[in-house]
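Take a look at the structures below.
The following pair of complexes shares a single chain, chain A, combined with chain B in the former and chain C in the latter.
What follows is the complex of A and B.
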């Protein structure tokens, strides 16, 4: 036994260590995904028998205006979320100054990360409240009347995204702060000797060193925008009249509230394809970046 | 005239006195090498000249202009870093032209400067490559090229050769000396390697604990170190130091008694010592002689170890209770450097000896008190 072990330990040990992870990943991710795709070809109320309907669910999707509202909202999320990495970087640069008391200021900026997103949603619901919210107070102070943002189908998604941006920016901030701590001092020195300062220093010397961090921040932000769900659920439940739903929320609503698991699964599959497309691009670029730094 | 003048420069880090009252003038066209052990402040001093570190008090003049408060980019300096600090995302040409680009020079001028520097450093083939595609020696040359393109008044080098292997280091040493001769620019070079200091410097600045110990031409420092620290720092293998007590002293003469009954009589001391003083006798390894000694101080010893270097031989020999302090081997053995092949085996007995005119005497506080030696070959 021990001789067998010694001879094969170079591959046996890693295999044993990675096995639990593989099993878990296989069951929770791979199997669940495949099953979802399978379900999407059926009509199913979640309890009774599944009826094979082929591509019917997808045909319905194409004719469903609600689906396109969700899709459009996801695009709005994606576009607005793109503000998180640059804003996080700007804040990180600001907070990276060696000033006394900066640690306390930094931790204040981390607060939204500590809060559950449900909490963030609730807090922002209050902020937007037209009778006692912070926004209403500000508007009143200027003699204007705040509109009920979360009841206005034109603004509701934007309002929800702004709430979601708060923790997202903080997350990017943390990433960039970590990146700024790892800057190469001599490289910055070389830049200073070469006369680079201000924006030229940032663009030519600092940012190239933050390339990997930026890449991670971007990826996390894109994924965050695509899988947005909790803020919508807490703040609007997709309302008013479904105008703030996103794909993930519509999937949930269809499956859980309308007992249309097949239809929900079809939405999930569409979302999966979109995500997979992004992830393929991401991994491809990541490999190129890593090759570039080798 | 691109001279560099340091006036009463002090540097305090949080609770740490890194530079103490540095006064130094480096003349135009000089190759000044700052040398000293780790933590002596030599890199800090270079960074203050570059402007990468602020100074706590004092004044810094480059080309007779007070640059104490100026940004590094405005000081007319260029710096070569220990890690080379090349911009990894830029090509070699972009790296070398970056300083001029920041100075908003026209493209044609940048290109000319880069081409010229590349030609000097034989980098023409590498201009479109990225730093990671280059070998250590090539990266080093790009870093130097980046300095050259800016045509600075003063070049600053921060241990630029320490990341290279020994063969390449020797080659780059020659190249740097050649470059200095060719450009005629003022260069300030920091190293902990006393061989680099001895071979490249027109003047060596020896630093220790944030202070300048001695400044002078390499051979002056080698032959006439002002104190025991400089004597021990310059020269490889290191000088042999033997502790002793002044037995008798009269005016310019003194008899030193060391352990094992060896006594050394100095006759023309530069400054007096007193009977009972604890002093140190120093003798360079190449001044120790083996056997057939007709004059001077002699003592018996036994070979501990022999290092054959081909052209020369290093012998480590124990002399009983007469032991050295701070010697290379760290064992108390004497180090003897012989420009010949000697047939000794470990354990062989031998007689060591030296001429008192070749020996140094250091006072209790480490100052050199023996008479200055005549420096030949200058």
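What follows is the complex of A and C.
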């Protein structure tokens, strides 16, 4: 045994090392994700036998107005979330000063990032409270009456996204501050000698150097927008009248509350296809950068 | 430096700058401040609608004692620790192993495995929800700590593998050549070369994983049902439904949920930032 082990340990040991990680991740994450696609071709209440229905669930999706509400809201999330990278960059530019005490100030700005989304949701539900919330207070100061944002079908998604932007901007801020710390001093110096100032300096000298960081900020923002679930669940439960659902939430609701696991799986598969397109683009760019570095 | 530093010789501009930054910071954290202040208010004051003014009385001890004794919050808090700490340990062990092999050993399919780890980590949780829930039911683990721990270890291993692989790949090659020329086995290399050098990476990874797992809400509501195993995030959401008008108590509970990750962040800030920006993806 021990001789056998010694002769083969050069490949056997690494295989044994990597195996637990691969098996666990493979079964619980990768295989489960693929299984969902399989479930989406069935009708299933989550307990009994699965009945093959082919593309029925997808046909129903196309006729389901709620599905298009979710899809529309996902687009709103995506579009509004695009504000996070520029705002994060703006904050980073404001905070990147070598003055005593700025370290503490920066870390205070990072706090929303480490809060649970449930915490953020509870905090903002309260900001939006129509009788005594911060928003109501501001409206009253101007002599207007605040509408109950979270029970207004037209504004509810926008209100939830604004709350979700809070930690997302903080995340982009962290990334851009790191980027600003890695700038090439010589290029900046040369730019200053050439008389580049203000916006021209930012656009022509600084931003090209932040390309990698911006790419990452954009990627995490897109993923964050498509993943949105917690805030919707905590702040509105998809309401009022299903007007604030997103694909992730509708899928959860259909499966857990309505016991339509096949239908839920079909919604999850649609979300997966949207995400997969994005992931492929991300990995492609990432690997290209790695090759460029090697 | 960009933007150009404000020189210490221009005190007026510095003063203006500090004033501006303080104002923005105040607005930025205003929602959080008010929750903290409200956690000190009395019930009567909350009922009277004094949400934003200076509190008329300070009820720090009363409110927090009430949260811990009258609600299940203390129990949820312990649950969160029981779920989070083993998950962190599991992720550190597994990702050190996978990261070491993927960075220092060449074998067919290595790139594919790496891509699956990274790509899988971006998947929306809902795509795996039904099979994972079903798996835990089949294994008899639904509504237990183990269900959440197993899931979190599996999922976080994706991001952690990317993180550890990059870190170990950046270690000096000479060390590994020296180990090989002295006839060290892969196991010996792992213990004597890799482990002593990856400690900073493990610290960063530990705090990131802690935050991700502690803050999880989705899996908490998908894989658990009873108060006996529910973590703080799901607990807070419940509490909010039960204590609709007792905003002072809900606020205190909110602060309790937020304290561990915020505390971890301030204690190990350097590691946290390094972790987020090196890996640059969030779980």
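Here, the second predicted complex is superposed on the first by the 263 of 294 C-alpha atoms of A that agree within 3 Å, B and C clash if a C-alpha of one lies under 4 Å from a C-alpha of the other, contacts with A are read in each partner's own complex, and residues count from 1 in each chain.
Keep this in mind: contacts are C-beta pairs under 8 Å (C-beta built on N, C-alpha and C of every residue); 3 or more make two chains touch, one makes a residue touch a chain.
In this text, all values refer to a predicted model and were calculated from it rather than measured experimentally.
By the touch criterion defined above, A:208 lies against chain B but remains apart from chain C after alignment on the C-alpha atoms of chain A. Of the two partner chains, chain B is the only one that A:193 touches; chain C does not reach it.
Judged by the touch definition given at the top, the superposed model places A:17 against chain C, while chain B stays out of reach. In the superposition on chain A, A:184 makes contact with chain B only, while chain C stays out of contact range. Once the two structures are superposed, chain B and chain C can be ranked by residues of chain A touched, with C on top. Judged by the touch definition given at the top, the superposed model places A:268 against chain C, while chain B stays out of reach.
Residues 47, 50-52, 71-74, 77-79, 81-83, 85-89, 98-99, 102-103, 132, 146, 150 of chain B touch chain A in their complex. On the chain A side of its complex with chain C, the touching residues are 9-11, 13-14, 17-18, 20-22, 24-33, 35-36, 39, 46, 91, 93-99, 105, 107-112, 114-119, 122-127, 129, 131-134, 137, 166, 171, 174-175, 178, 180, 183, 185, 188, 201, 206, 216, 219-220, 223-224, 226-227, 229-230, 233-234, 247-248, 251-252, 255-256, 261, 264-265, 267-269, 271-272, 275, 278-279, 282-283, 286-287. Contact residues of chain C toward chain A in the complex are 1-3, 5-6, 14, 17-18, 20-21, 24-25, 28-32, 34-35, 49, 51-52, 94-95, 97-98, 100-102, 105, 107, 113, 115-132, 134-135, 150-151, 153-155, 157-158, 161, 185-187, 190, 211, 214-218, 221-222, 232-234, 236-237, 240, 247, 250, 254, 257-258, 261-262, 264-266, 269, 272-273, 276-277, 280-282. Residues 184, 186-187, 189-197, 200, 204-205, 208, 211, 293-294 of chain A are the ones touching chain B in the complex.
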